[in-house]
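Shared chain: chain A. Partners: chain B in the first complex, chain C in the second.
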Partner chain A sequence: MNENLFASFITPTIVGIPIVILIIAIPSILFPSPTRLITSRLTSLQQWLIQLVLKQLMMMHSIKGRTWSLMLISLILFIGSTNLLGLLPHSFTPTTQLSMNLGMAIPLWAAAVITGFRHKTKMSLAHLLPQGTPVPLIPMLVIIETISLFIQPMALAVRLTANITAGHLLMHLIGGATLVLTSISPATASITFIILILLTILEFAVALIQAYVFTLLVSLYLHDNT
Partner chain B sequence: PRAAWTFAHHAVPSTSCPKSSALLGPGVLQATRVFHPAQPRKIRLGLIPEEFFQFLYPKTGVTGPYVLGTGLILYSLSKEIYVMSPETFSTISVVGLLVYVIKKYGASIGEFADKLNEQKISQVEEMKQVSIKQIQDVIDMEKSQQALVQKRHYLFDVQWSNSVMALGVEVKNCLDYHISVQNMMRQQEHMINWVEKHISAQQEKETIAKRIADLKLLAKKAKAQPVL
Partner chain C sequence: MASVVPVKEKKLMDVKLGELPSWILMRDFTPKGIAGAFQRGYYRYYNKYINVKKGSVTGVTMLLAAYVLFNYCLSYKELKHERRRKYH
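Right after this comes the complex of A and B.
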């Protein structure tokens, strides 16, 4: 193992210059913007995928909610591409940093809630109380619902961070185990290697799923508040 | 690195090298530049262009480059130039997985993308065909209208000659009347001439005496009555 287990998670600097902004900007190279009607294979595949996802995501929203389409689609593309690129060896994943995920989650959540409070104050406040609660429970339930409302951005950020970080760590650890076991007993090492392969498949899935979940939840909060 | 290799192996047209442009005429550099070759350059193992293998073939035969590669890898491992780390195994698993997926599903995904483009083209083509057909229909209708107009010219001719014929009948009637009047006059003249020819002097005297006798009778009858 390197210096410590978390060496791959420090923000990369080259001779003291932080290049993390460059790293965050790099995944956008993978999404060329279509300039003509008949595009390359990559662009047409991306167009088709984006149409599919957009339709699924935006079907349940009203007209006002659909103004968020661009934001949500760029969100899911960004998170998906950064997570997938982070699976390559020796690469840095920006979404492992809690700072960045908080920076994504808090403004989006706050925008959804404030929109709701501005335009439909009564309905937003009504969300704080589930239907059909017995009267004595009401004060306690309102407090609980308020707390759960304020926890939403934290949950969004921490969920993404924890999942991706845990996945990378696990791959690192099992790789280390395989490395050590190769000299002790190659058979066990091969079993561990198989576990690693399965884990990699899981990581690919997790990368995409996390992006989806994040975006879905934001869109859910939006739906509540439009 | 792959892009760099393909750039370096733009070997065939030497005019694409900017250094030799001074030997050529103006515009040849721009005209002969190759952007994307239609067939991709041959590449082995996804990383190393075929030219490298051809370059080593005369000296080392077919296995040369492979032995060189293996030697380099073993050398870097044994001298710890490349350190085995947990990353190595995750690299092997990630890259291995990617290669497997691409080899298995690459062609079908490419075909799917081509099909998407094909759909777009066919939609636009459809619109073009419909538009062409509409315009063709309009042209045909226009032509048939023009033909009708030509034929209408004949219709007018027939009507004109009909009306002229009708007028001609009227004129003919008028002229016929005049002709018949003239004929009648001529017949009367013929009759008068015939009468004058066939009545002799003798008959004239007899008729005149008879007439005087008749007149005398009439005068006697008239004397009987008082003169008013």
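Right after this comes the complex of A and C.
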């Protein structure tokens, strides 16, 4: 049980060739790009969804911030589809790997902060001090705000990793418990099975919500800095 | 078993059984050829099941089922130990 529990989080390789690259590329198959004006059902559905999400996401940004719309919308699509595909049995979820989430979070956060420092230096430095603080507290507060600024990319990556990994682990554990309990006491097994069903519903929600939260936070950092 | 049309240009359904090895050997196995084969296969599936005006959920479901099978094959080695047998 011990070795099996974390076996689904090992990056898959065939005789040393990492297929994880192929698995990361698979969600793109599910999003066909439209070639015609009137497209198939799948493509029209996706276009409608993307327009809905894009409007909500980009409404609060200035013109300069809206140049990021392609980046943010592809981010939310990627994380959402990867998380949802990870709910299929036996599949490997790339977003459980901290390395990948760090690779997504650090460049995006750094780009937002550096844009802010380049184009509006005074305003980005001013963000380091909340409005209306008493004068004696200022030095300490600046230090605290700087630390919280540098923690942002770490928090982004670790939040996503931890949430998805914890959900998958819980499902493995409770599923294993249900299997073992069926021979001991079917009543407890049925209760555990109901817990498993509820957990699966939660996982579907978490998959989408995590994508949303990641993207929302990046757009928030962007808004601060444009 | 000689035939009038050269083997090279026939489709698979027209090739006679005796000519099958030579037909297989004459296929293009360069990387470009293999990439072309994948592209042709992908577009054949895509145009038949997904790129239609009233596509249904089965087009995507078949893809997801194939993905599940693929991952099952990949993790078979670890799953072997979880069978209910006395001796593993």
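The working rule: the second predicted complex is superposed on the first by the 223 of 226 C-alpha atoms of A that agree within 3 Å, B and C clash if a C-alpha of one lies under 4 Å from a C-alpha of the other, contacts with A are read in each partner's own complex, and residues count from 1 in each chain.
The definition used in the following text is that a residue touches a chain if its C-beta (ideal position, glycine included) is under 8 Å from a C-beta of that chain, and two chains touch if they have at least 3 such contacts.
Remember, predicted model here, so these are calculated numbers, not experimental data.
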Partner chain in contact with A:Trp48 - chain B first, chain C second, else both or neither: first
Contacts of A:Leu88 with chain B and chain C, given as first, second, both or neither: both
Chain B versus chain C as contact partner of A:Thr200, first or second or both or neither: first
Touched partner set for A:Thr178, first chain B, second chain C, both or neither: first
Chain B versus chain C as contact partner of A:Ala126, first or second or both or neither: neither
Touching partner for A:Ile29 - first (chain B), second (chain C), both, neither: second
Chain A residues touched by each partner, larger count belonging to chain B or chain C: B
Which of chain B and chain C A:Ala155 touches, first, second, both or neither: neither
Footprint overlap on chain A, comparing chain B with chain C: 8, 38, 41-42, 88-90
Residues on chain A engaged by chain C in the complex (per definition of touch): 4, 7-8, 12, 14, 19, 26, 29-30, 32, 38, 40-43, 85, 88-92
List of chain B residues in touch with chain A within their complex: 84-97, 109-110, 112-114, 116-117, 120-121, 124
Parts of chain C lying in touch with chain A, wherever the complex brings them together: 46, 50-56, 59-60, 63-64, 67-68, 71-72, 74-75, 78-79, 81-82
Contact footprint of chain B on chain A as seen in their complex: 1-2, 8, 37-39, 41-42, 44-45, 47-48, 87-90, 171-176, 178-179, 193, 196-197, 199-201, 204
